[in-house]
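Look at the two complexes coming up: subunit A is in both, with subunit B in one and subunit C in the other.
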Partner chain A sequence: MRLSCLQENLARGLSIVSRAVAPRTATLPVLTHILLATDHGRLKIAATNLELGISCWVGAKVEDEGAITVPARTFTDLVALLPADRVDLELNIRTQTLRVRSGRTDANIKGIDAQEFPIIPTFQDAATARIDPTVLKKMITQVVFAAATDESRPTLTGVLTKLEGDTITMAATDGFRLSVRSDRLKEPVSEPRTILIPAKALVEVGRVMGDQEEPVAIGITPSHGQVLFHMKDVDVVAQLIDQKFPDYEPIIPKRHDTRTIVNTAEMLKACRQASIFARDSLDTVRVLVKPGEELEPGKVTVVARADETGDNQSELEATVVGNEIEIGFNVKYLIEAFSAVDTPQAAIETTQPRSPAVIRALGDDHFFHLVMPMHLPKG
Partner chain B sequence: MNDWDIIGHDWAVRRLRRAIEQGQLAQSHLFVGPPSIGKATLALALARALLGHNDRARALVNQRRHPDLLWVEPADAGEALKVEQIRELLHALTLAPVESRHRIAIVNDAHLITESGQNAILKTLEEPNPSVVIVLTAPNTDTLLPTIVSRCQLLNLRPAPVRAVEEALLARGVAGERAALIARLSRGRIGWALRAIEDDATLEARAERLRDLRDLLTAGRTQRFAYAEKLARAEPSHVVQTLEDWLLLWRDVARATGREASPEALVNADQRDWIAQLANALSVAQVAALLRAISQTLQYLDRNVNPRLALDVLLLKLPRLPAS
Partner chain C sequence: MAIQILPDDLVACIAAGEVVERPASVVKELVENAIDAGATDIRIECAEGGKRLIRVTDNGSGIPSAEAPLAFAHHATSKLARAEDLAEIRTLGFRGEALASIAAVSQVTCATRHADETSGTLLRFDGGRLIGQERIGRAPGTTMTVEHLFARMPARLKFLKSTQTERGHIDGMVTRYALAYPHIRFTLVHDGRVSFQSLGTGNLRDVLVDVYGADAAAQMVEVGAAASDVPESSIRVYGYASLPTLDHANRSKITLFVNGRPVQDAKLSYAVAQAYHTLLMAGRYPVAVIMVRVPPAEVDVNVHPAKAEVRFRDADAVFGAVQRAVRRALLEGMTPPEAPTILSKWPADHREAVAPAAGDERLPRDAQPTAATQPSLSGSEAWARVGIAKQTGALGGQTAAALPTAPATRNLPALRILGQLAESYILAEGPEGLYLIDQHAAHERVLWERLLAQHELGALPSQHLLDPAPVTLPAESVHLLEEQLDMLRDLGFEIEPFGGNTFLVRAVPALMIQDDIAAALREIVADLEMGDAALRRDLEARVLRRVCKRMAIKAGRVLSFAEMQALVRDLEACESPRTCPHGRPTMVYLGLKQIEREFGRLG
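This part shows the complex of A and B:
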């Protein structure tokens, strides 16, 4: 392998793939390495931790084809300190050593044979689906936060992704809340598909996407083992979770007794204030909803109290249709839910203090969030 | 040697191969058998059969570097297998395979998994993902939770015939007499035999343990107690090995006291003359008592009896022979 490329391109590529590099405690040494390979006149940079794989292509002047893996840390740190100029990479096949030259720098990095690097599928066949990048980004921010981070229930660390007709639906739950969003695909899929994508991988997809404008292509490998997000010069491959996601339809309330419409920003502010005081009381806050009377508008009061800290209550005007209700919530869940609402007004639908509440973005029927209430202590 | 390049265990290899060909391979396996008998080697061969679609994949499996092969064992020999290692494994097993159609998990020395780790793995053993094959290895089933054993397809590996070990050693270019001696000392544990030909220290250590025994037989009480004190401070595995080497030697002596003793029957063939001397000097009853005493001491040590006390008692039971 012999090629040259620009330092800034190389550094940018390395920073994109760096999130997929395995920690140094990884069982397979090659997972702490980065793959460098010539690919159709460009340099392909790739990393994988067997859960998430990122490949990135940068422009290069290729003189000899070839491939090698080098320790991610050593190579990234070195490239970061090189001058913003041409970098020459040359592989000594016999010793599997990569020579890096730029300006007055001349370094040799010992690598591992590229044969040892896990095969990361790249985008070859027709896409399963294509989606607008801003739509995908929005779906990711509105859904992924509700996935479980605790590995003890592996299924819930994934985001259920359904492709059917021209609709894509993502759903995530950690057992305490559920976030669902659906949106349009660029064109209908040939057959319906349902996959479970690790939430962590979707976060990376959102991050890598940047401000790309071209549609993102989504591909599912023939083995059904991986999903691939094909972006401009970057592919993100996620290893699918091979388990069955719980059927969430039955827990969605069919009706509600109270519908409360609040200003999203005001509600978020009230929750943030309350959270300061709720820190020492398991993040529990009390939400009181009172319908309006003849001359008075309806109101929502968010109350937090901790024996050590003190108490706080914020009141906001609201349009309330239905009965008065007092219901407890984990305020962190409320903050995350209302942050995900991107319309000026949000609707809260409740039935009983012990039944789940539904939060919707007013005017956007494609987003739906359900949150379980918390038991309120008496008094 | 069979298709899977495994010495011995033909029956086990046939059974696993047939199961793969018929698409009826169980997903959770438990390979049991004495140490160094080839449990891990067989597990690796199974992984090679399932993952090795080309030379690259086979080479990666052999080096235990295949992305779909998850190899878990105690970080230090004999230490416990930590529950974090098991959690990491279970997480990896929820994901789809990376390169092939399977994900193979090999948990070597599964009896060293902590109890919470054993409980954590139960659910996965019961109902792994369709792509997953799990192999646990352990010296016997008693050392595992019964709930683990009952969830696995059990494969009991027995020592290979001494003849098969000897042939394997000859095929590796080991000289005839040495191959015969190592094969017999191995008692069919092929892993032990292969280590012995690679590393002279294995045989050298045995020679030293037999020299110690020879000295002790003519030594007085003070020297015997001194030796017991020294040995009791050594690694438990070294103590066990010492007693096992002695046991093998005294079994030879017992054979030599019998009327139909043939030199080929001896395990310690290199000690023929000494064994004959001992057989002459001691009665059958004395040798039998000694064999019982050594076996019993091994059992005591296994049950965590104070090693110093157990060894003191054993060494006092050694007969005292006149210095030659």
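This part shows the complex of A and C:
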């Protein structure tokens, strides 16, 4: 293998695949390495920890075909310190050593034979679906945060993804809240599919997508084992979670007693303020909703109290239709939910203090968030 | 009062007290009779935890009508004829005391038909006296109905526990016999509701599923499977024992049988626990059902009126046999450490290079020592040198145990974080030396005080679940949990019975939102089971301690500098920062004076 490429392209490629590199404690040493291979006149950079695989292609001038894996950390750290100039990579096949030259630098990195690197499935079959990148990015920001992060409940660390007709729906829950968004695909899928994608993988997809404008192709391997996101110059492959996602449809409230419309930014600020005080009281806050009267507008008050810290209440004007209600929440859930709302106004639909509350983005019917209240002792 | 010979019925009442202690003892005696009669289907019905009614129906041999009234006389039995027989007892009962004792303290109705006779007999007793006898038609077998237990003994009646507790005892008793006799079909009905049923397939594993649930049963391995052809003259040990993946907070899940008789023997359960030496964490115990078969002449069961204790002629041999059998089963049952699941999940070609090893990749470890952890290296080296000095005796006989814990002022001095040691301890510099803080214990203390403070104000805040989580518990724990639902509600758990052994968890304490709810609840129930019924306050404390323990950061987690700072600051704010809620120290102190001595700077 002999090729040259630009340092900034190489560094960017390495940073894209870095999240898929296995930790140093990995049982399989080659998983802590990065694959470098020539591929149709470009340099392919790939890493995998067997749960997630990322491949990235960067422009290069290829003189000799070939492939090698090199320790991710050594190579990445070295490339980061090279001058922003041409980098020459040359493989000595006999010693499996990669020679890296740039400017006055001349380094040799010992690698492992590329044959030992796991094969990352590539995008061969026709895409199952294609989606606009901004649409996908928005889905990821509005849904993925609600997934569970602890490994004790593997099912809930996944994001349910339904492809049906020309609609894609993503849903995630950690058992206490649920976030759902549906949107349009570029064209209808041939048959409906439902898969459970690890939330972590979707976060990576959102991260590496960058500002690309071409549609993202989504592929599911024939065995239903993996999902593949094909972007411009980058492929992300993730192992699907083979479990049954809880059926959330019956949980969604069919009606509500109170509908409160608030300014999203104001509400978010009130929650953030309250969270400073809620830190020492297990993140609990009370939200008081009061309908307006003849001359007075309706209002929402967010109250936090901690014996040691003190207390805080922020009030904001709101349009309230329905009954007065006082309801407890984990303030972190509220902050994350209102951060996901990207319209200027948000609607909160409640029935009673022990029933789920629904948060919607006003004017965007595709997003829907449900959060379970907390039961707070009186006082 | 003059000395006098007591009237017969009073004597009977006093004697009955030895055998019949509570409703569960009646169930035990009646079930044993049914088993001795060769029954294959035993149905136990209770009302109000057995206080109002206990009815045991079997399809055994029945009692011939001529002998029926005699069965209720003192020292009357069909199971023993000569004194020599006592040395070789093969039946569960033999004392001839049970029916007489039960009849003495309750109203008993006995309907029975011997298999060889064409009609049955119905006998009615009240306070030990026969008050009615008639012929009836019925299927072969016996139905014993015991009503108004202890109605004539107000003292005993007063000491009976709540209906729930008595039910729990009966459940425990019946499930133990179901385990010992897998070929008998047991049905237990409480207040008209079937609460436990074994199928009587003869397969012990089926009963394990009925008693402990499919999940737990799948984690148990067969003990003594290979040794089924042992001659009757030697000791045979068989049954099921849990793999180290399934454990329990106390020994109560080690169920022992000697010759089909459930026994409580501290030494034998110790032998079972001992077989798990180094496999289970200290303070954790296995779940096991162990049957010991010894020649009847080798064991004396006539030690205890309720026969809960036995004496072995060669106790050490039995002890050794149990320990060896369990250990062997475990070592065979435990598969070698599996390759991490993520490797086996990946269907793409990953070649032979996949090496099975026990490394846990999920453990978050920083790829490189951060600036924050760097100083800890020098710290730990210094510490290691101190350790070596001690080992080589350069320290003038001072042992590691003599390390003083931190000075005994209530509040901590201002501490400066140096770094983390072994991903478990925070190293901090104080005004007079080095403090080593156990991160798990420290966090437990912080959470504990925070929860207590909240609890003082009233109930703890709880987070509702989107979808209530069903949790299945072992049959005998069900009543315990049912009794404590109110207490748990105050602590933030909203749990309701969902039929059978299943409960629905609707809300959990706000602190536990990152946890596996089912596992947490099982541990909490195990904590509640430990020891005697304590005061509500103690039980609350046990639950809260468990919550703190589960939610505290674990040893082995790399902490960032900011996290360590926050933890130490929180610890400084604690009322008693020096111990964790379980009483272990949160910190160890190494004074500058001592360090100087060890370096030979100070005499």
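One rule holds in what follows: the second predicted complex is superposed on the first by the 379 of 379 C-alpha atoms of A that agree within 3 Å, B and C clash if a C-alpha of one lies under 4 Å from a C-alpha of the other, contacts with A are read in each partner's own complex, and residues count from 1 in each chain.
The working rule: contacts are C-beta pairs under 8 Å (C-beta built on N, C-alpha and C of every residue); 3 or more make two chains touch, one makes a residue touch a chain.
No experiment lies behind these values; they were computed from the predicted model shown.
For the composite obtained by overlaying on subunit A, subunit B and subunit C cannot both be accommodated without a clash. By the document's definition of touching, neither partner reaches A:Q345: not subunit B, not subunit C. Within the superposed three-chain arrangement, the count of touched residues of subunit A is higher for C, of the candidates subunit B and subunit C.
In the superposition on chain A, A:E116 makes contact with both subunit B and subunit C.
In the superposition on chain A, A:T260 contacts neither subunit B nor subunit C. When both complexes are overlaid on chain A, the residue A:E51 reaches subunit B and subunit C alike.
Shared-chain residue A:T27: touches subunit B and subunit C both. In the superposition on chain A, contact of A:T149 is made with subunit C only, not with subunit B. Of the two partner chains, subunit B is the only one touched by A:Q243; subunit C is not.
Shared-chain residue A:H224: touches subunit B; no touch with subunit C. Of the residues of subunit A, those at positions 27-28, 30, 50-51, 115-116, 118-119, 151, 223, 225, 239 touch subunit B in one of the two structures and subunit C in the other.
Of all the residues in subunit A, the ones that touch subunit C in their complex are 22-28, 30, 49-51, 73, 115-116, 118-121, 148-153, 173-178, 223, 225, 239, 246, 248, 251, 280-284, 307-308, 328, 330, 354, 356, 370, 372-379. Contact residues on subunit A toward subunit B in their complex (touch as defined above): 27-30, 50-51, 115-116, 118-119, 151, 154-155, 198, 223-226, 239-243. By the touch criterion given at the top, residues 56, 59-60, 65, 67, 70-71, 87, 90-92, 94-99, 101, 129-131 of subunit B touch subunit A in their complex. Against subunit A, in their complex, subunit C makes its touches with residues 339-340, 342-343, 345-351, 353-357, 359-363, 365, 367-368, 450, 453-454, 457-467, 469, 492, 494, 507, 510-511, 513-516, 519, 573.
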